[in-house]
Every structure is written in C-alpha cells, then in structure tokens.
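There are two complexes below, and they share subunit A, which is joined by subunit B in the first and by subunit C in the second.
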Partner chain A sequence: MRQMTLRDLQDIMRECAGEDESAQSIEEAPDESFADLGYDSLALLETQSRVKREYGVEFSEDDLADITTPREFVEFFNSLLLAA
Partner chain B sequence: MTAAVVTGLGVAAPNGLGKDKFWAATLRGESGIRTVRRFDVSRYPSRLAGEIGDFEPTDYLAGRLIPQTDRMTQIALAASDWALVDAGVEPGTYDTTEMGVATSGASGGLEYGQRELDNLWGAGPEHVSVYMSFAWFYAVNSGQISIRHGMRGPAGVMVSDQAGGLDVLAQARRNIRKGTSLILSGGVDSSFCPYGWVSRMSSGTLSTSGDADRAYLPFDARAQGHVPGEGGAILVVEDAEAARSRGARPYGEVAGYGATFDAAARHGGGKGLRRAVEAALADAGADAADIGVVFADGSGTPDDDRLEAETIAAVFGPGAVPVTVPKTMTGRMNSGGAPADLACALLALREGIIPPTINVRTIAPGCDIDLVIDEPRPWSPGAALVMARGQGGFNSAIVLRAIPQDTTQEKES
Partner chain C sequence: MTTPGRETAVPHELPPALLMPGQGAQYPGMGTGLYRDLPGFAAILDEVFDLMGPAGTELRSDWLAADPALPMEHVLRSQPLLFAIDYALGRLLTGLGLRPAVMLGHSVGELAAATLAGVVDLRGAVRFLLRRVSHLARVPEGGMVAVAASRAEVTPYLRPEVDIGAVNAPRQTVIAGPGPALAATADALRQAGVTCAPVFSLTPFHSNVLAPVVDVIRRALAGTPLRPPEIAMISGYTARRLTDAEAVDPMYWARHDTDPVLYWPALESLLATGPHLMIECGPGQGLTTLARRHPDVRSGRCGVLSLLGPPASGPGGEAGHFAAAVARLGLRMPRGTVEHGCSAVRQARLHAYANGECGRRPVGGHLRARVLAASEDRDQRRARHPHGYLRRVDSHPHRHPDPPHRGRGHVHL
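Coming up: the complex of A and B.
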C-alpha cells in the first residue's frame, strides 16, 4: 500500500481543519508540534477519522497519545501500513 | 443602579452588510427580499426570503474557522468584529474577564447540521465532522464570539425565537449590573437549507406569495404571513460609567425591559403582549407619552397584527405614536430580527429619523396605528420601544432611551 507523505497529511488537514494563512505549513515545519502549527485536539480527531477512512486502516485515539508532530504522525501511520 | 448603554453596532442584513449600508438602504426603503438562491427552493410553497447575497466568509474569517462554522456563525463573527470597531473597543481596552457574551439563537446552525446528518445516514458515522459536536448548537455563536475576542466573562444564549433578540439585551444588562463591563449581545440566524426551510414552514405563517412587494405586509389588509430573513445584528453593551470614562459615545441606554409568556390560543393565550410593554415602560420609569416611536413585531399574520395594533393603541392611544416595521425590507430574521430592530431604533435615536415600513398600502380594519410608510419620518428622539414575539408564546419589549448630549460632552471634556 502507498505510504503517507507529509504532503498527504497536509492536504488532509487543510481539507478537514481549514487553512491558516498565518501559520507554517506541515511540509515546512514537520517537527513543530500540532499545537504550534495551530491545530487543536478536535482538528487531530477529525484528521484521524479522515485518515482511517481514506487508507482503511484502524487505530485508536490512544495510539496517538504520544504523537505530537506531523513527522511522528506520518511515521507512526506508515508503520501501521507496513504491518497491515 | 448601574446603567447599560449600547456603544457599538454590527449589522448584517439582506438589504445591507455593515451598519452604514444597512441604515442607508433602510432609510431609502430598499428591500433585500427575493427568490432564495442558497438552495433549490423551486418545489417549496414559499420561495421568497431576505437573503444576504454578498457575504463571502473568507473575506472576514481565517481559513481554520470555515470548516467548523455554520453560515450563521460566520456572519455573527463578522458582525461582532464590526460592532467592536464601531464601539472603538480594542484588545486591551478591558481585561478579558470584564467582557462577556449573550446572543440569541432560534434554530442553531441547521445548514451545517443538515449536511452532517446527510453524511451520517448517507455514508456512515465515521463521515460526520467532529465539529458537528458544537457547530449546530444554539450556543455556538456565543462560544465562537467569546473565543474570537477573548471574552472570559459570563456567556450564554437565549432561545425564545424572535423574542430572544430582545431577551439577550436584558441578559446583557443583567450581567453588567452584576459587574461585567462589556457584553457583546444581539443575534444572527440563517438556516437557509431544506431542513431550516421546512422547520419554518411548520409555523404555518410563511407567505406563499411569489411577489416580493406583496409577500410580507404587516398591518395591511392583504397580510398573509411573513417572509423569512437571514442575518441580524451584534451590539456592544457597556457599563455606562466604563463607557464614559473611555470617552465612548453611546447610541442609547437600555432603559426598560419586560417579558411575558402566553398560553396557547385554546387555553386563552394572547394576553401577554400588553403586559410585556407595560412592564418595559414601568422598568424604564417611562410614561407612554415618553415613547416617540414603536418598532413593532409586525408578524404579518392578520390575527397577530390586530392583537399587536390593539396593544399599541391601548397603551399609547389610537394612532398616537409612530409605528414602524423595517423588517418589511429584510424578512423576519428569527433571533436576528429584533437585534436588527434594536440597531434601527438606536440609529433613529442618534439621527432623529424613523425608518419606514415598505409595501403596506391599506391598514387592516381594527389596526388603529400610525404606521410610518415608505418615507422616513423625522422625530425628536427621546425614547423608543421595540417589541418582539416568538413562536410558542414569547412576548418581549425593550425601551431604549437617548442619552442627553450635554452629559456626554461634559465628561469627555
């Protein structure tokens, strides 16, 4: 299965949580925390739901507890894809 | 007791976006009523509405806010910005805990809600936006406004249909009396979607006329219901002392309020409107003779119109006070209707001119009132009465009083 890129995550988050013209993009700052990029917990929840739908992979909110940056999210998610 | 004054207005109405455009259009008698374009209305019995045609949310809101807000919230947020600018309130003018919010809501974000319910039943629960959790709440406008402007004082919503637009001004005054310096009040409603439309149709009072100039004719012999509208107004309400000490120029004082509730007609309802008006006058310490203009609810339904006209004639005397319904240009904006009337009344107090009612030609028999028709009318501002009724038995009335010019100037100098 195709791996997720930072660009994929950025597109998904823009679509479900909107663009923030003043904040850095995920591709520009993959190691900033989601909070510093202007995404709150609901935006992450929405992203999680969208990613599950688009890639057909199951994971729980608890799995994301330690994930704070876009790069961590993509790496975690791609590890799930490889295991699937 | 602490006085509450209105120092800022943000209006978003079908006949004008922004206070100045709205007021100019209203004085010209310009209507915003037309066939609904926001959704396909062709197969519904009622097809006319006061629709805001020129509101592009991305012109006013950051991209992050768009996916989590219904149209009514987007309009309310823009109107809240305008109101604060109009009042000259900036971040830092007050401490965040000194400011609160009290808005009215009649239906919540139904357009958003319908879309997500479509997703739920059409695609499955995992397709419902997480923002649905609050985006269609009645209270969402108050919540989003408080977040946007960092207002951490008391916040709430009043849900009493059209009357709620007055009830929240009283709620603002209540919280100012308890010590809050500023409350953003008023309300904005939209719900121009099939779900919202049939909800409105359930009242049985929507006009089915296809003629924009004949569809909503309160107090007219041809009255046959009302036209829905979207929009409303956000008002900056401040503690009079606090407003004075920062040199603000208030439009007027929230001087009196009365609210009553009627039982259904079959239980002898319909008596409360007069009590609400009299309570508002008593609360303001005003006599009927002190009121120079009445902004009527103007339901557009013959029985309700007659009841309201009889109430006005009984309290003020037949034909004794000018009465107007600028909503004839916007349609009834649910919980946003009365706040827009309050804005009109406050502008009338400031500018000494009463905006007209349009399209009415022949006053219905039994309606013994002096309706200001087609042309604005000059007056000597003293106090204005605004009336509103909500479906289900709500009656509310507010007395707004002009603030003597010399007092303001004295403190400013």
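Coming up: the complex of A and C.
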C-alpha cells in the first residue's frame, strides 16, 4: 500500500471542506494545528471516514485522540500502513 | 511569504470585523477565567446579570458552579450566556478603543451585535432575550446535527419537520428538528456515507418546530424601541448588510428562530466589501476556524483572531489569550483592568503574553511514529490537548448528550 503524503492529506481535506485548488495550507504549514488551518472537528471526522474508505485501513477515533496536526496525522497513518 | 491563517500573521491595520458566535459555541466554564482575571470584563457581565434580575443571579451561579443544575446546552443557559459573553467582550474591546467596521453575528450572536450597534439598548435586549428563551424552553425537545455536505446535497434527505438550520461553510450544513425525525434524517445521511455529528443543543433552533413561538417572540419585542444600527451589520439571515428598515422591524428579529443562519454567504458578503481582520468576539474559535477556509484568509489578505482561544485550553488560559489578542490589535490593557485583583505571578504572566514572550505552544512530533510513541509522551500531549481534535461520532444524536466537557461526539460551531 502506498504511503500517504501531506499532499494526499491536503487533497482529501480540501475536498471535504469544498475548497478549490488554491488552498495549499497543509503542505505549507504541516505543524500548525488543524483548527489553525481552518479544519474543525466535523471536517476531521469527514477526513477520517474518507481516508478509511480510500485506503481500506481501519482505525478507531480513539487512536486519533492525540493527533492535532497534519504531520502527526500522516505519520500516524503511515505507521498503521507499515504495521498492517 | 505569509502563512495562511496564522494569528501571528494578522495585519492589524485592517478594518476590524467582529464575528459573534451563537448556539453550538458554548462550553462549560466559557468566559469564567476572564471573569475571574479581568475586573473590567466582570463588571460588564455583572451589569448584564443584574439586569436579568433573579434569573441572572441563578444564571451566574450555575455558570460558575462545578456541578450546574442545568446543562450548558440548555436554552436557558447557552442563549443568555452566549449573549452576555459576546456582548461583554465587544464592549470591552470598544472600551479599549477598537472601532469595529462591521459586525456579523451567528444566531443569538446577532442580538449581541445589535446591542453593541445600538439597535436595542442593553436593558431592552436582556428583557427580550429572557422572554424569548422562556418560550423556547417550552417547545418540544430536539436538537441540531452538523453535516459534512452542502445545503443542496443535504436537502433531499430532510424528513418532515427537519429543516436546514445553518449554512456554515460550503460543505458544512446544520440541520435541526425534533429528536426522532432528526435522528432518522441523520441515519439516512450516514447510510449514504455522509459524515454527521451532533451540535450542542437541546432545542431545534432555526427550524419550523419553533414556528408557534415566532408571534409570541415578535410581541415580546413590540414594546422595545428599535433604532437603525450605528455600526454596520451583516445580517446572518439575508446575508446582506442589515438595512435600517429590517433593524427596526420586530418581525425581522422574531423570524430568527425559524429561518436558517446563512453564515458562509454572510461572510462572503462581508469580505466582498474588502479585506478585514475578523475577530471572534465570543467563546471558542468556531467562526474564525471556518473563516480560515475563505480564499481571502488563505491568501493572507485577511486576518483572523480569537479573543478567548480554543475551548480545550480551558478558563485558565483565557486572560493570557485575551491579553495577547489585545496586544495584536495594537490596543493597550488599561491600568487597573489587569492589575487590579491579580496576583503578582498572574500580572507577570499577562505582561509576558502581552509582550509576545509566550503564547504559542511549541511544535512537536516530527518524524516520530505516533503509534509507537511512549506512553508518557501521550500523557503530556493529552494534558496539552485534553479533548484532542478528533472525537468519536455519537451514533445516537437524539439521545440526551453527555456532559459536554467530555466533548465526545459533538462539534463546536
């Protein structure tokens, strides 16, 4: 399974939020909190379900309780892919 | 190169726009830290509570109590407290010399904006609000659910009695209605693969369930003098500049409870008039978080700023966050506002925040596999972000919510 990049996450979150391609926030500031990037808890829940669907990997919301930034999300997710 | 949306990148010479949050933004303990630490804020809030009479005394003690009699999302708590905190923060800022160019209120936040704009005086606004919530407390219980889809995508799924309550962003629509019909609508959306999460509310605001009280609410306002706004307002209901005729029409205000809040269209109208610095003038940072998605904020043409910070940082962080926001606005905390009643340690901390010596959390987590992180590291992170950002979806949105301080399954708007 292909590893997730920040660009992949950005594309998914942009679609979730209905933003156009000019939104480059995640790649530019991967260590900002999701809230500071404009993504609230609903956008994150939506992201989570899209990631599960697109990558076919299961994880629980509790696994993500500590994840606050895009970089952390991508690292967490790729470590799951490696362990699978 | 500007980093989109960062509070540190706020160009404070931009005309300030106050965004005033409503239902969904409330959380237990909101504003209590600033109330304890900033006597100037406490004085304005106490003025509001005093105008509410015995109901205000009860409201204040329940708000400050560790174990309140009514949950924060109850209409008798959330609505008057959101109004009071939005209004007090706005008056505090104008008292420090801020001149808002425009205001945009979400739901009950628009009443707070109207009060600041002089449409209604504080006494009249408080009397109207108390009469309104006493009627709302008697309507059938229901709720609101945030849906990660556009209004057009959501509309075909609406069951009878369920309505669009708010258009918060291109793909964030809030639906409202009585419990069973709302749950059935949310279930249908979930089965279609659409993400839903309950909003903190026991009342189906902005739905036709509230139609029977619209006329009562209009009459509650009929004896109150209404004047054209002295500060420009963007209506959350027409998504255009509030006209003088609308401002003085009791029916305009009464229909708020059944009409949807058009926050995103209103935000677009506001920004179409030029770049602004948008200030979240109320609890949390839900409205500015959504505003960060706007292309004008992404590009750095507009700035955003919250006054109390995220709910997760708790009441203890409010005074520091507020002082930092005031400093970024180029305003000065008046002598006696901060110092009076503060310990020496707190004074030093507030001054450190105001001078930008602290206030941003360190960035961490580089190139570490989160799944293998040591447990003590997890505990440290949890202490910093007690709720995290990702929460479990509650599969039963119609059920009485958990105490919201646990944050489970609910979204802050």
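Everything below uses one rule, namely that the second predicted complex is superposed on the first by the 79 of 84 C-alpha atoms of A that agree within 3 Å, B and C clash if a C-alpha of one lies under 4 Å from a C-alpha of the other, contacts with A are read in each partner's own complex, and residues count from 1 in each chain.
Convention: contacts are C-beta pairs under 8 Å (C-beta built on N, C-alpha and C of every residue); 3 or more make two chains touch, one makes a residue touch a chain.
Everything numeric in this text was worked out from a predicted model, so none of it was measured.
With subunit A as the common reference, subunit B cannot sit beside subunit C without a clash. In the superposition on chain A, A:79 makes contact with subunit C only, not with subunit B. When the shared chain is aligned, no partner comes close enough to touch A:11: not subunit B, not subunit C. In the superposed model, A:36 lies in contact with subunit C only, and not with subunit B.
In the superposition on chain A, A:52 makes contact with subunit B only, while subunit C stays out of contact range.
By the touch criterion defined above, A:21 lies against subunit B but remains apart from subunit C after alignment on the C-alpha atoms of chain A.
Of the two partner chains placed around the shared chain by superposition, subunit C is the only one that A:68 touches, whereas subunit B remains out of contact.
When subunit B and subunit C are set side by side, the one touching more residues of subunit A is C.
Across the superposed pair, subunit B and subunit C both touch subunit A at residues 16-20, 22, 38, 42-43, 45-46, 49, 53. Residue ranges on subunit A touching subunit B, taken from their complex, read 14-22, 38, 42-43, 45-46, 49, 52-53.
Of all residues in subunit A, those touching subunit C in their complex are 16-20, 22-25, 28-29, 31-46, 48-49, 53, 60-69, 71-72, 75-76, 78-80, 82-83. Residue ranges of subunit C in contact with subunit A, taken from their complex: 3-7, 146, 148, 150, 169-172, 193, 195, 197, 285-286, 289-293, 295, 297-299, 310, 363, 365-372, 378, 381-382, 385, 388-393, 411-413.
Across the complex, subunit A is touched by residues 62-68, 126-127, 129-131, 133 of subunit B.
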